[in-house]
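Each structure below appears as structure tokens.
Below, subunit A partners subunit B and then partners subunit C, in two separate complexes.
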Partner chain A sequence: MADEGGIYKRMATYDKRWVYVALFIVVLGPLINPIGMPIGISAQTRHYKAELDTLQEGDIVFSTWNMEFSGYMELKPGVLATHKMFIEKGVKLCIAFGHFEGVALPPEIFKQLKKWTDDYDYTEGEDYIIIGYVFPNEAAVAALAGDFHANVRVDWRGESIEGTFLDEIQNGGDFAMISDYTTGLATTNIIRHIVLEYDTPMVVNSIGVSVPGHLANLDAGLITALLASTRGGAELEFLIGSPGPGLKSMDAFTFGHYSLIIFIIIGNIGHYGWTRRSGARDRTGIR
Partner chain B sequence: MNEFLEFAAVVMGIFISFCMYTTLYGKPNPLRSWAEFSYLGAGTGVSVVIGLTYIWNTAILGMQAGDWILIFSILFGLMMLFRVHPTYGYISRLPLAFTVGTGLALSLRTQIFTAFIRQINATIVKLWTNVPLEFVYRVTIAVSVITILTFFLYTMELSGPLFWTSRVGEYLMYIGFGAIFAQTFMGRLGLFVGYMESLTTPTWKTPYTLASALICLIAAILFDRTGLGEKLSAG
Partner chain C sequence: MSSFFKSRSAQITVLIVSFLLVFIPYFIPWGPLDWLSGKLMTIAAVTNAFTIVIAVYSQFRRSGRFINERRKGWVYHIYLLALMAIMTLSGFIFGQHAGAYEWLLLAVVTPLSSVIYGILAFYMSSAGARAFRARSPHAALLLLAGFVVLMYQAPLTGAFFPGIEGAAVYLTDTFGMSVSRMFSISVSIGAIVLGVRMLTGKEVAFLGFGEGDE
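After this line comes the complex of A and B, so read on.
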């Protein structure tokens, strides 16, 4: 039997698993053999860096890791680049998690920051304190924002936080800045109960899916700067002169986007060409 | 020993990831079931431990420090457990109602500002600035807001100028949906690229990654062709 749909039918009804195979190849290929394609730096990322540059040595920043382990994979470049800046500036960090998977992140992140923590003698307890999973819901965020020490007595290892730099923090308004890394979770609660209540500046590193929502918050002045997804992280790596996973991923990113465009074009040509042969479609029963 | 354990954990992590990816093949297979249930088991275990640690750190330590009112949170938490009891399940309604009530009150008090007033304030700005590009942005936002709002006027017939503004609004929304879809694709690809980056860095991981991908793909095909996938997979 002759192929009634011809090339158009094949373009419209090919096995979708080939898309996955193609994506694996175009992503893994450039990661194994990076090409080093050029990237542009957006005004948004420059603004994010400028906001971080306003911090002074000794400022206490609330670093809120509102991400699961999967979300960290997308935000990793931004997380690492931002924390490198914090360490270089001598900023004190209070690190909190918004998801129980957060407990797996500090060993992974600080292993990658080891060179910086060693070079700047940046130590846990003295320069940064991890208070652990403290944002199970909105009530917890509101309570912590109003009275920090009534809600946080120990760090994630169970050691008392008394006598540390966190003694200076009484409520959400005492932080110089909130630096949020988010897949959603407690971020809106932090905006509502700390930013709105105490006018604390907040910068956000968001996954791509949530960027449109955070752009509205940026426009409304609820957050002061936004770093968008892996791409933003890669741009920040470039700006601070410290190449990392973001810049390495950009080739794969670019090829991934090209492949989507190609698949959209193939699918549309196939659909248009095959739709015109509606008789053939009716006979084959494939829609 | 520690180094070996770390190495074994990484290799196992890589393999289990690709077992999970076999779901993309579209047919059931035991590798995916194994990976899925391992994740569920580990995830549940971790969440229980972290949850209990949170209760200890906030409620128990709080009470030890003299904050006795926290006893109510423990009692309410225990009452919540009755939810699974067939006869006394109603006891859980009280803490549930309290939780919903407090959550709603906390949320409503601030949401009116973050999601409504501040967003409207940000839209009502003077159009003209000295920066031409900024002027274009502001005009675009103003035109989009007005025309899209007219699209959602349901209580009158859209005729005359309103018909045209609603049509413009409709097409502007399509542009917006396109931008959101592109952003979503970028985000999803970001998750995938980020994970693949971690599976290929440092470079010693690459052979294990490629081998795992190949083994899982071949296994998925074999399970499908032999019909064993359906028999051996759970759920």
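After this line comes the complex of A and C, so read on.
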């Protein structure tokens, strides 16, 4: 029996496994052997860097790691590039987690930043303090925002934070900036209880799917700058002249997007040809 | 006495007092009220943290039922309980900075978590590729907008066609943002309505009461 739809039907109803295989190949290839294709730098990332450039030596920044380890994989370039800037500027960091997996992040992140911490003699306890998983829910964020020391007395290792630079922090308004890395955990709560209450500037490095939501926050002035996903991190790496995992992954990013576009085009050509030929637009099956 | 605390009206009274203690200081900044509100939030945060114990207990009970009755997938429940016990005990006995707990976290939990996240990219690409079909003029417009934004998101495009940023940013800053705002506003209004219903005693399921219970 002849194939009714022919080539068009095959194009319109291709097996999804072809997408998986193609994506796997076009992503894996450039990751193993990066080509180093040029990238465009967005105005959004330039603005993010300009916001960080306003920080002065000794300013205390609240670095809120609202990400699981999986989300960190997407945000890694932005996390590393931003913290390199903090270290170079001599900014003091108070680091908090919004997920229990956060305890796995400091060893991994500070291992990547070792060259910078060594070069600038940036040490735990003196220049940065990790207060640990302190944001299990909104009530915790609200409580910490109102009275920092009533809620945080020790760092993540159980050492007292008394006598450290955190003595200067009484509430959320005493931070020079909040630098948030988010997969969507406590970020909204931080905006509600610190930014809106104390007018503390906040910059956000967000995963791709949350970017549209944060664009509305940016437009409303709730956050001052936004770094979008791995791509934003790669652009920041380029702007600060420190290539890292973001720029390395941009070839794969480009090919991944283009392959998706090609599949969309193939599907639409097939859909148009098949339904035009058969006159059965309603019966178009997506399998 | 205990029946009084279990009554619907007593629990709603506690809810209203707690709500007012946190709500009023936003509009009337007065020292003692601020202090009381702060203390209440700290108590809530600490109490909330302890609810994990109830979660663990509930999971053990639920999995226990699956295992006892040999329901479908009961073996996975043994696996789940074993892992929960190992993680909990290693954390309590050795501490979160000890080798055993860190190893479990770095060698087991985090790679699995990353794999699940990575797999999503394949599903999303496949779904996107097959869903974007110009079946009608509306769908064609959506497809066109998606095409521009996707092209812009590919880092190489911006290097050769800088003009695409303007088009993509226009689409996200107008259509995308308006939808995002509509979503946020809807959620917020829904939350306010739910809050009012809870405070007025019209929504009591969260207190464990059914329709008509006192």
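Remarks
Note that in this section the second predicted complex is superposed on the first by the 276 of 287 C-alpha atoms of A that agree within 3 Å, B and C clash if a C-alpha of one lies under 4 Å from a C-alpha of the other, contacts with A are read in each partner's own complex, and residues count from 1 in each chain.
In this text, contacts are C-beta pairs under 8 Å (C-beta built on N, C-alpha and C of every residue); 3 or more make two chains touch, one makes a residue touch a chain.
Fair warning: this is a prediction, and the values are worked out from it, not measured in the lab.
Of the two partner chains, neither subunit B nor subunit C is touched by A:K92. Residue contacts after overlaying the shared chain place A:Y258 against subunit C, while subunit B stays out of touching range. By the touch criterion defined above, A:D147 lies against subunit C but remains apart from subunit B after alignment on the C-alpha atoms of chain A.
Of the two partner chains placed around the shared chain by superposition, subunit C is the only one that A:G40 touches, whereas subunit B remains out of contact.
By the touch criterion stated above, A:A234 is placed in contact with subunit C alone, subunit B being left untouched.
In the superposed model, A:K49 makes contact with neither subunit B nor subunit C.
Of the two partner chains placed by the overlay, only subunit C lies in contact with A:H271; subunit B stays clear of it.
Residue contacts after overlaying the shared chain place A:K9 against neither subunit B nor subunit C.
In the superposition on chain A, A:N137 makes contact with both subunit B and subunit C. On subunit A, the surface patch touched by subunit B in one complex and by subunit C in the other comprises residues 20, 23-24, 70-71, 73-74, 101, 103, 136-137, 139-140, 142, 150-151, 212, 216, 219, 231, 253, 256-257, 260. Remark: subunit A residues 17, 20, 23-24, 27-28, 31-32, 70-76, 100-101, 103, 132-134, 136-140, 142, 150-154, 158, 188, 191-193, 196-197, 207-212, 216-217, 219-222, 229-231, 245, 248-249, 252-253, 256-257, 260 touch subunit B in the complex.
By the touch criterion stated above, subunit B contacts subunit A in their complex at residues 24-26, 43, 46-47, 50-51, 53-54, 57-58, 61-62, 65, 67, 99, 102-103, 106-107, 110-111, 113-114, 118-119, 121-122, 179-180, 183-198, 200-201, 206, 209-210, 213. Residues 12, 16, 19-20, 23-24, 37-43, 68-71, 73-74, 101, 103-104, 107-108, 136-137, 139-140, 142-144, 146-147, 150-151, 156-157, 212-213, 215-216, 219, 231, 234, 250, 253-254, 256-261, 263-264, 267-268, 271-272, 281, 284, 286 of subunit A are the ones touching subunit C in the complex. Contact residues of subunit C toward subunit A in the complex are 22, 34, 37-38, 41-42, 44-45, 48-49, 96-97, 102, 105-106, 109-110, 113-114, 116-118, 121-122, 125-126, 128-135, 143, 146-147, 150-151, 153-160, 162, 165, 169, 172-173, 176-177, 179-181, 183-184.
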